[in-house]
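I'd like to ask you about the structure that follows.
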Amino acid sequence: KAAPQERAPTVLAAASLQEAMQAAADRWVGKGHVRPVLSFAGSATLARQIESGAPADLLISADEAWMDHVAARGLLRAGTRAPLLGNRLVLIAPVKSTVRLSVGTGFGLARALGTGRLAMGDPDSVPAGRYARQALERLQVWKSVAGRIAPAENVRLALLFVSRGEAPLGIVYASDAKADQGVRVVDFFPENSHRRITYPIARLKNSKSAAAEPFRQFLLSKEGQAIFRAYGFGPV
Amino acid sequence: MDVLALSDAEWAIIGLSLKVSLVAVAAVLPPAMLLAWVLARCDFRGKILLDALVSLPLVLPPVVTGWLLLLAFGANGPLGRLLAEYLGITLIFRWTGAALAAAIMALPLMVRAIRLSLEAVDRRLEGAARSLGAGPWRSFASITLPLTMPGILAALVLGFARSIGEFGATITFVSNIPGETRTLPLAIYNALQVPGGEAAVTRLAIISVLLSVAALTVSEVLARRAGGGRAGHVL
Amino acid sequence: MDVLALSDAEWAIIGLSLKVSLVAVAAVLPPAMLLAWVLARCDFRGKILLDALVSLPLVLPPVVTGWLLLLAFGANGPLGRLLAEYLGITLIFRWTGAALAAAIMALPLMVRAIRLSLEAVDRRLEGAARSLGAGPWRSFASITLPLTMPGILAALVLGFARSIGEFGATITFVSNIPGETRTLPLAIYNALQVPGGEAAVTRLAIISVLLSVAALTVSEVLARRAGGGRAGHVL
Amino acid sequence: MSFEVDVSLRRGAREIAARFSAGEGLTALFGPSGAGKTSLLDMVAGLLRPDRGRICVSGTVLFDSAARIDLPPEQRACGYVFQDGRLFPHRRVRDNLLYGWKLAPAERRWLEPDAAIAFLGIGHLLERMPRSLSGGEAQRVAIGRALLSGPRFLLMDEPLASLDAARRDEIMRLIERMRDEFGIPILYVSHDRAELDRLAAAVIPVG
Amino acid sequence: MSFEVDVSLRRGAREIAARFSAGEGLTALFGPSGAGKTSLLDMVAGLLRPDRGRICVSGTVLFDSAARIDLPPEQRACGYVFQDGRLFPHRRVRDNLLYGWKLAPAERRWLEPDAAIAFLGIGHLLERMPRSLSGGEAQRVAIGRALLSGPRFLLMDEPLASLDAARRDEIMRLIERMRDEFGIPILYVSHDRAELDRLAAAVIPVG
């Protein structure tokens, strides 16, 4: 069905989008298009690859900072950058944990941790960790837990720490918590406790595939958005 | 075992991993031998610096090596540009790039192993070969090289295993493109990112291990054939 | 160079990296020698499997090794529980865990290097030592061990370099805790994740390289002292 | 009887077998190249295990396949001068010489290092590494090492092969002294008839 | 003149120097252990570089420090029987024997492998690895390897040291034939006066 001359777009996407993007690509193929080539890695890695001239069509970054970095080098096609999806932060605990906490200003996070550590993305390098630190700072509990975090390299690892019971509590994206049977959501973080979480998408300047733009449009469309919603991502 | 009924996609990943690793090891063997020879046999100022340079990919975190490869061999990198212009070769986002990354990561291990064996060769045997009429090259090929075989075999095993397991430099340099650069470790990484991906991780990890067991078996057989042994003696 | 005026935080990272790597290499040397000995000298069914087991950390992507370490040595892992209960040792989120990860990753390299040298030892010399009155242990310590020294030195260099560069298993097993588990590669990784972090990456990478140059220098000096050489002969 | 040997061993295509009892003094093994002389010494030293048989030196059973006795080499206390020298390449001449001496109990040390060094004329070589020695120098160090290990009996495999006439004569005098003064049994391999005529009480043909 | 040698070399504490011209036939180097005989052969073979001097064999200058001539060993075409055998441990006896033979140009091959093998009595060893050979077996293979390389002259460092009387005699006859029939100059080291009396046209004292 696919038009034979249609060249598959290469999409560089943040690793945490893997399942949702696979599903979106499946749907896209179902509509008679060529399957896009999806490459998943950390946003920093992807941005550096683009910077060094990698032949790709679309970039979906897990944070705005790396998209800004690429934009500042003039590597984006004007007018194609858009927020693709949003997310929320949640406080999680192992499924078997009985801890009860409601997230709010000055909430008893340190006490709830006991001698354990708080698993979260590394606030120095992982977007989810940066948002989490910001939220904890706004809620005035950061000082009490700053020395007690377990900064993970990616959110999946933070989930693993919690689901294995190595850490009694953790902070991850709602989309990640939803997918993992080993953890339960203790509470959501208030949306105003941190900067808005967005995953931006943009088409790259040296994009050659004509199918790139329709696919980008598809991801931003209602149909595309519904797919992301199903995987726990929020609207922007 | 049911876990080992592989899907087509998995077979493709295995095939790619094998291709990348074998090409990497084959391509890096000659320079590794040359470097081992220079380090074992020559004495010059800056030898330790050469040694350090060779060891670099071992000392640096793989992502840094990948990043440096990206800077050098990317489409905008100086070497990448040269390759593209004069040889029409692109490495970035290609399996050839994955092979380059694996080769670079395997290099220090292979050089050490070969060097170790090379330094143990009794050079008086080379003198004997020369006095029997062999020029330097023939003496190297017929005496030094076979006597270095244990080190070369060890280097091949180490290099192959390292290549099969190479992740950080690869994903940084050539990204994670299915069918092109998504080798076993990258596929494992992908599976690890997916909740409930543990089963897939386990399958892929077992495959990796089986590949290396196969490599080890081949090397043991070759080593035995090369060996000979001192039949009879207790001590 | 101005880039090398290090901050206190950087000094702390260097200190931690050195501590982790030295402890890892020192701790893994005895088992590496034992394994090398068994693989070089004993013949038994399943030898290739033992060989494969030792090579596992080389073949698997480091994150998988880290993941397995987490399952085994986490507070809720079977081995982790044993250690905590009987020895009061916790590894997870501790520098000791980082050292364990580094040690496991260094193991296959070290075993290969030692084994290579061990297999090259002329066993008739052990027979000579025995006939002169040395028991098996003394013969090992006074003959076999010193003759294996080139391999042991190579193993130490490889192991140290590998430990200094270890990233994936460490960050997966013990996360990236400043002052506790944030070694050089983890700090480098962090810097790489931040736009504009290249300067910090470069500084830290240069430090890594300098550490390994130091290790190489020490090993070369020791090797020279152990060596001796065949003065005079051209061939 | 100082040596009672009755052993056999299959090596490749060849069956090496010997059976002899020898009294006091120096017993020579004599036979063509490849007959099995070195193999026999290796079996007496405990470095090569016979397929079957019995080895007894000065009344001590070292090996007996029937009785399942097989003393490890270090308990046999032989001083073995190997056909190929076999010096420890990583130890200086001095440490090679003293290797066995340090391990020998004081009462078995019937030769002092200084005396041996002077006698063998290797005083100027003590700090050297073995690989820099000439053939005859290495041979003398090997003889010294074996004698200094306080052996109860000696195994000597062509010990004088690469020595000049003067040295040969001196070392033969030393061997005679060991044989006569200390009463040490010696099993000796040589192809030199004159040497054997001078030293050997018994000549055992091998092969 | 077949050998014109005038060289000196400092080795450790010792100064090795020799100056001699020798005519046809077999020239023996004779001297105490450590005098420098092996070093001299190594210098003639091109394996050890003299500090200064000149080496000329059958009119060909192999080394001349003044004229900066230093032929590499493979161009000197000597057949060197080393004091320590020095067989290639990874090659079967057959491949050791034929190593030089295969490299020699046809016109220089004055000895056929079959003849050498029969003569040296090593036909049953051809498939064996060197490390399984006895001392005398290895020595014979080493002699065969050197002779088969089609040498223009021979360097023999105690080639008969570990051989029995019968073998010795046979090989001495072979050496006499090479010397007389083929007119090959031979530089020969031995500690055995009888051997030298029989073979040597000239005896050069060393040391």
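The chains carry the letters A, B, C, D and E, assigned in the order they are written, with residues numbered from 1 in each.
To be clear about the criterion, contacts are C-beta pairs under 8 Å (C-beta built on N, C-alpha and C of every residue); 3 or more make two chains touch, one makes a residue touch a chain.
It should be emphasised that the depicted structure is a prediction, and the values quoted were computed from it without experimental measurement.
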Shared interface partners, meaning chains that touch subunit A and subunit B: C
Chain of greatest Cα-centre distance to subunit B: D
Chain whose mean Cα position lies farthest from subunit E: A
Chain centre separation (subunit A, subunit C; CA means) in Å: 36
Approximate Å spacing (C-alpha centroids) for the pair subunit C, subunit D: 44
Distance from subunit D to subunit A - Cα centre to Cα centre, in angstrom: 79
Computed distance of Cα centres, subunit C from subunit B, in Å: 19
Shared interface positions of subunit B, touching two or more other chains: 63, 67, 124, 127, 130, 189, 192, 230-231, 233-235
For subunit A, residues contacting two or more additional chains: none
Residue numbers of subunit D (touch at least two other chains): 12, 46-47, 73, 132
Residues of subunit E touching subunit D in the complex: 12-13, 31-34, 38, 83-84, 124, 128, 132-137, 139-140, 157-158, 161-168, 191, 193
Interfacial residue positions of subunit A with respect to subunit C in the complex: 42, 44, 47, 65-66, 68-69, 117, 119, 122, 124-126, 149-153, 157, 160-161, 164-166
Interfacial residue positions of subunit B with respect to subunit C in the complex: 47-49, 51-52, 55-56, 58-64, 67, 108-109, 112-113, 115-117, 119-120, 123-124, 126-127, 130, 150-151, 154, 157-158, 161-162, 164-168, 184-185, 188-189, 192, 201, 205, 208-209, 211-213, 216-217, 220, 230, 233-235
Subunit D contact footprint on subunit C (complex, rising order): 124-125, 127-136, 138-139, 142-143, 146-147, 149, 226, 228, 230-231
Residue ranges of subunit C touching subunit A (in the complex, touch as defined): 67, 70-71, 74-77, 92-93, 171-172, 175-177, 189-190, 192-196
